[in-house]
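Shared between the two complexes below is chain A, which has chain B as its partner in the first and chain C in the second.
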Partner chain A sequence: MEVLLHDVDVLVPRDLDEALRVLAERRGIKVLAGGTDLLVQMRSGAVQKSDLLDVSGLWELKYVRHEDETIAIGALTTFSEIASSEVIRRHAPVLAEAAETVGSVQIMNKGTIGGNVVNASPAADSLPALYVHDAELKLASLKGTRTVGITEFYRGYKRLDMRPDELLVEVRLRAEKGGEVGHFFKHGLRQGDAISVVNGAVLLDLEGDLVRGAAIALGAVAPTVVRAHEAERALKGRRLREDVMWEAARAVLRSISPIDDVRGSAAYRRELSVNYVFMTLWRIAREVGVL
Partner chain B sequence: MVHRIEREFSFVLNGKPVKVRAPPAYSLLEVLRYELRMTGTKEGCARGDCGECTVLIDGEPVHACLTAMTQVEGRRVTTIEGIDPGHPLVRAFVESGAVQCGHCTPGLIVASYALLSRNPRPTEEEVRDAIRGNLCRCTGYAKVVAAVLRAAGA
Partner chain C sequence: MKDRPVLCDDKVRYIGDPVALVAAETREAASEAVRLIDVEYEPLPPVTDPVRAMMPDSPKVHEGGNVCRQTSLRFGDVEAAFAAADVVVEGTYTTGTQIHAFLETEAGISYLDEQGRIVVVAGGQSPHRDRAEIAHALDLPPERIRVITPYVGGAFGGKDDVSVQIHLALVTMKTGRAARLVLSREESMVSGTKRHPAVIRMRTAASRDGRLLANEVEIIYDTGAYAALGPAVLDVAIENCNGPYRIANAKIDAYLVYTNNMVASAFRGFGAPQVLFAMERQVDRIARKLGMDPIELRMINAVRKGDVYVFGNRMEGSVGIYDCLRAAREHPLWRERGRPVELEYPWLRRGIGVAAGMKGYTIGALPDRGSVSLELNPDGTVVVGGSFTEIGQGVVESVAQLAAELLRVPVERVRVLFADTERSPDTSVTSASRQVFLAGNALRRAVEALAERVKDLFEAETGKRPSSVSFTEEGAVVDSGRPVPLGELAERLEAKGLGRGVVGTYEVPKVEPIPGTLEIPHLFFMFGVTVAEVVVNVLTGSVTVPRVVSVVDAGRVINPLNFTGQIEGAVVQGLGFALMEDAKIADGYLLTRDLSTYLIPSSKDSPRIDVIPVETFEEEGPFGAKGIGEVGILSVAPAIANAIADACGVEPTSVPMTPEKVYWLLKEAGVVDKLKAGGEGHG
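Presenting the complex of A and B:
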C-alpha cells in the first residue's frame, strides 16, 4: 500500500546557513538530496513520513577539489559528476569505478555521494571505495564543523555518529599514491541498474610483486561495510602470487557476517566475497604484469 | 484528518513556462500525469528501476518518479511530448520496429534523445550504456539499439 505524501512539507533553504538553522530548529525533519532512495522508502512506508529539507539546490556543496594529498568532494556532488571528474578518475579511480556502477544513467544523474553515505545502506556502492581511501566526513551544524573517520561514522546497521542538527557537507579522501593500484567490484542481479548482492574495493600498494600495503573493504555482507583486516594481513609484506591471493581471498570470511535476504543467501554471499576478492587481486596482478 | 499542503511551482515544460499548484513532496511524474494531464510519460515501477518515466531536467535524463516538485522549480523539463513526432529518432523507432506494447517507448526515446544531443554518433556500446536503466519486456532491445543507431545515421 503506497503512502501518499500530500501532507509532507518540503522546505528549500536558500543557502547552507539556512539549511543548518532549519535542522537545528525543526527536529524530525529529514534531509532530501537526490531522492533516489528516501522518496521510495517514504512512499513504501519503510521510512516514517516526515517533513523534508530539500538541499539538492545548494550548489555550494557540489564540487570536486584536489587539495595536496586529499580529494575533497562536496556532499551534493552526483555520481555522474564523480564518474566524469578528471580529478577522481586520476587520483581515486576506485571511486570513479564505483560511481559508474551505482545505477542507471538516470540514477547517477540524481544520486549524490552525501546521500549514499548518510542513507547508510550496507550495500551502498560508494562506501567500499571510501573505506579503502580512508575517507573522512565533514559534518556541519550551527555549533561548528567536525570531521569523523568513515569507520567510526557507522556504529551499526543504519546507526550513525551524526546528530539530527548536523548535515554532511564534504567527503574527504586520501589521493592514490604512486605504486597504488585498485579496483571496485560489484555483483548485482542486473548489470545496468541494481542494488549490490556483494560489492567491494581492493587497493594495493605494490613495489613490483611485493605488497607494501593492502586495503580491502566489502559491502552487503555485514550490518555495515567492513574492512577485511585478516585478508589485508595475509597480503602485506608478501609477493602477489596465486597461492597468496587465494589465502587472502579466503581470509575475508573471517571479517564478514552475511545474511539471507531477497537478493541472495548468506552462503552465496560468502562464496561471492571470496571469489570476487580473488578475481580482483588477480586482475591487479595481471595489470601490473606480475602474473 | 487528511490535510493537503500545496505550493505553486514554476518551470519550463517543453519550452513553455508553466505554473502548477501541487503538494511539494509529490513527484514530477504524479504532477505531469494527474495535474497537468500529460500522460506521455509512463509510470512503471515508480521506484527508479524501470526507466519508463524518464524525462530530461536541464537536458539530463532523470526519473520523474524520484523527482520531488521542489527539485523542478525554475528548471527546464523535457518530456516525450516535447520531442517532435517527425524527429529522426521517433521515425527510426517506428521504421525499425522498435515498438511493441509501447509502454517503455517514451522513456527509451527520451533517454536516447539525451544521448544523441551530446553524442550524435554513438557506438553500439554507448547506446546500450545510455539505455541500461530502461527496461523493455517485449523487444529484447536489439531493434531499440538498431533504431537509435539508425537515427544517428550509422
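Presenting the complex of A and C:
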C-alpha cells in the first residue's frame, strides 16, 4: 500500500555549511535533491520513510566548469542543464547524450546528476558515461572533503563508499581528448522515456582506424555499472573492423552478470549487451569514416 | 451476470477484490485504519492459465466450475471445404492483458441531497445503469439514488462496469455524509477491468484463386475472477473471428474462462482485436503461400452490402470494406512499398503490412433503445438532454451539431444536458461506438415530436391542424406561413399550456439472436483497414512504426476533427496493444502496477497517421453517420505483425510484440546470426 509522507519533516538549509551540519547532527535524515527517485521509492515503501534534507535550493552546487583537462559539475546540476551545457556537449558529449535520454522533460528538469549517482541504480543512465570518463566524486562533510573514483565508490548493489554525514558536492570528469569519440546507448522498451533494460557508453581513442585506447561501460547488467575490460583489451592496438568489433562485443559477456526482472530476462540482456556494443562501435567507425 | 461481490465475505478471487471499506475524515486516518485491518487468508492454489483452468481437475474459482460460458457454432460444411482446399494455414495466437490506462482513474464523490437522496457523481459510461446497480446492491429503490456522470477523463470501456459507485453510495448511506473515493494509479491498475487475454487457434482454408473457403476457430478468453461483460465480449469475438469476408463454412468453439487473474471486461474493440489479430495473420499467410497481393486477396473475399454473412445474416447496413481496401491499395505507402528505402544502419529492416477489421456497433440482437429530450426556450435557445456520457470522444459536441442541423439553429444556441439520471432521459450505455447513432436517431425522433407539438399549437390557436412543419434558419415554417422563430414558438407553447419539451425514443432495429449466442448478429457494422510501416532492429528486436494509414468506413462524418482524433487515438492505443502494453502477471499478482513498468505509447512512439474516411452512407444513421469509436484499433496489431513478417520473414503470433519476443523470434529464425555473419546489407 502507498506510504503517506505527510508526517515527514523537511529541512531546508540556508547554505552548504548548514546542510553539512544537519547531516552530521541528524542521523537517518535523507538528502532530497530532485526527488525523482527518492520520493517514488518512499511512497512505494522500497525506501524506509525518513525526514528529508532538501538541498535543491543550494544554488552553489549547480554549475558546469571547464578546468584545464577536467569538467567539474556541481552535484545539483539537472539533466536539462547538462544536456544543454555547451561545455559538456563539447568535452563530454557521451554524458550529454545520456542526460537527454534520462527521462521525460519533467524528469530532466528535476533530476540531478548527484541524485543519479547516489541513488545508485545499476540502470542509472548517467553512470556509464561517468565510468568511461573516469569520473571522480567529491564528498564533503564537516570533517573536510575527499575525492573517490567512481569505480571505488560503488562497492555492490546500492552499497556506497559514503558516510551518512557526507554530501556529494561535485562530479569531476576527464575532458574528451583529441582523437576520442564516443557514444551512449540505451535500450528502453519504448521510444519515449523508459527505464533502461541495458545501457552503456563506449569511448574510443582513435588514430585513423587504429584503436589507441578504449573505455566501455555497461549498466543494468550487474549489481553496479561495470567496465568491460576484456572488451576494451580486445580493441586496444587493433584496427576497427567488423570482425574485431564483434570479437570485442562478445568479450563484454565476461564482465556482466545480468538477472531476470520485469523488464527483461538475463539471457536477453546478454544478447543486448553484445549487440549494443557492436552497434555503437560500428556507429563510431562510420562517423570517423573508417568503415 | 451478477457474480461479483461489492465486498467479499469468505472468498477472495483476485488481488483487486475488496474486503473492507474504510471511511475517514482524512487520508492519513483512512490509511492508518486500513493498516489495522487483519484479514486471515487461507491460500488456495491459484488458477492462472485459462487452458489449464478448463481441465476437470483444476481448482475452481467459482462453485459452478471455471468455464463461465461455452458455445459451439457450425455453419456450412467445414469438412468438405477443407477437403477441397488448395491451401490450409494453421496457427495458435495469443494476445495479452491490456490495461485502459485512462488519465483519470476510477473516481467519484457522493452526498445526500436536500431530499435525502444519495447522489453519486463519478466517472462512468452509463448513469442509468449505474443507478440500477447501486439500487440493486444496496436494496434501495432507484428513486432514492441520483447518478451524475460529469466529463470523464477517458474510459475506453474501462468504466463500462461499476467501479467506485456502489462503495461511495454505501458510505453515504451508512454515515449520511459526503464521501470521496479516488483510486491511486496502482489501485486502478490492480482492481480495474482489463482487455481479455486470449488464446486463439485457427485453421483456415482457401482455394488456389484466393477464395477463403472455411475457418475452424477455437477461442479461449480469460475473464479473470468474474464474468463482468465477458459473455458479451465472447459474442463479439465469435461474430468477428472470420473477418470482413465471405466465408461460407465455419466451425467456432468459444470459451470464456474464470481464473484468479484480474477481471476482464469491455475495452475498445470489445473482443474483436484479439480474433482479428489471429484472422488477419492467417489471411496474410495465405496470401504469401499463394503468392498473391494481400490486399487483392482481401478484396476478392470482401463482404458487400446485401451479402449473406457467415451466420446466415444479410448485411443490410452500409458495408464499406471493399472501398476501404481499394483506398488502401491506392495509398502511396502501399503503392510504393516495393521501392528500396535507404535505412540508417545495416541491422534495420523495413516492412509494410496491411490488415482489415470489422465490428458491429450498437448492441446487436439485444434490445437496445434510447431516448433524448428536446426543449425550446423563450430566448431561442434549445436544450437537448440525454444520458450519453462524454468520455473524451466528443459526443456532446456531435449531438449539439446534429440538433443545430435538424433545427437549423446556430450550434451556440444548443445546450446539452448530459448524463444525469435526474435531468436526462435514458439514452442507454455509452459504449459499442453507438451514441452518435443512438442519440442522433433519438434526436431525430424528438424533432419529429416537436413538429407534432407545433401542429398541436397551431390547432389549439386556429382550430385547424396544419399538415406540415419544417425548420429553417428563420424559424419553423408551418404549412406555407411566415417562419416562426423558435423563441416565439416557445412562448406560444407556454401560453397554451402545451409544454416546451418533447422526448424522442429510438429503438435500434434487430433480429433474433442465432441459437447459441446472446447478441449475434448485429445489423450495423464498422469496417476499416490499417496499413503500417515498421522498422525492425534485428539486433534488439525493437519495432518502430514511422507511419500508419487508417482507412475507415465512416458512414458520413459528422465532425471531421472529432473523427480524426478518435481514429488517431485508436491507432496509438492499438500500437500499444501491438508492441508494448505488457501486463506481467505472476500467480495472479500484477507485477506491472505503474506506468513506469506498464508502458503505453509516448508521443515519440506515435507514428505519423494518415486518417482516410471512406464515406459510405448509412441509411439508418443520422445524416448517414455510423459508429467510429472502436474501428481504428481493430486491425492495428495484425497490420504491424504483417509488416514485421514482411520486413524480416518471421511470423509473430503473440501480442504484445515486445522487443524481447521479437528478438527471440528473429534469433530462432536465424536472422540475427545471418546479420552477424555479415551476409547482407552492409554499406
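Please note the rule applied: the second predicted complex is superposed on the first by the 291 of 291 C-alpha atoms of A that agree within 3 Å, B and C clash if a C-alpha of one lies under 4 Å from a C-alpha of the other, contacts with A are read in each partner's own complex, and residues count from 1 in each chain.
We take it that contacts are C-beta pairs under 8 Å (C-beta built on N, C-alpha and C of every residue); 3 or more make two chains touch, one makes a residue touch a chain.
Fair warning: this is a prediction, and the values are worked out from it, not measured in the lab.
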Check the residue A:G149 against both partner chains and state whether it touches chain B (first), chain C (second), both, or neither. neither
Considering only the touch criterion stated at the top, classify A:G45 as touching first (chain B), second (chain C), both, or neither. neither
Figure out whether A:M279 sits in contact with chain B (first) or chain C (second), or with both, or with neither. second
Is A:G179 touching anything from chain B or chain C once the two structures are fitted on A? First, second, both or neither. neither
Mind working out whether A:P164 is in touch with chain B, chain C, both or neither, as first, second, both or neither? neither
Between chain B (first) and chain C (second), which does A:G57 come into contact with in this model arrangement: first, second, both, or neither? first
Touching partner for A:V12 - first (chain B), second (chain C), both, neither: first
Of the two partner chains, chain B (first) and chain C (second), which one does A:G35 touch, if any: first, second, both, or neither? first
Can A:G237 be said to touch chain B (first), chain C (second), both, or neither? neither
On chain A, the footprints of chain B and chain C overlap at residues 2, 6-7, 191-193
Would you mind writing out the residues of chain A in touch with chain B in their complex? 2, 5-10, 12, 32, 34-36, 39-40, 42-44, 52, 54, 56-57, 80, 103-107, 109-110, 191-193
Within the complex, which stretch of chain B touches chain A? 2-5, 23-27, 46-49, 51, 54, 60-63, 65-71, 73, 111, 129-130, 132-134
Where on chain A does chain C make contact in their complex? 1-2, 4, 6-7, 187, 189-195, 197, 242, 246, 262-265, 268, 271-272, 275-276, 278-279, 282-283
Interface residues, chain C side, partner chain A - complex: 27-28, 31, 34-35, 184, 186, 345, 347, 539-540, 542, 544, 579-580, 582, 584, 591-592, 596-597, 599, 601-605, 658-660, 663-664, 667, 672, 676, 678, 682
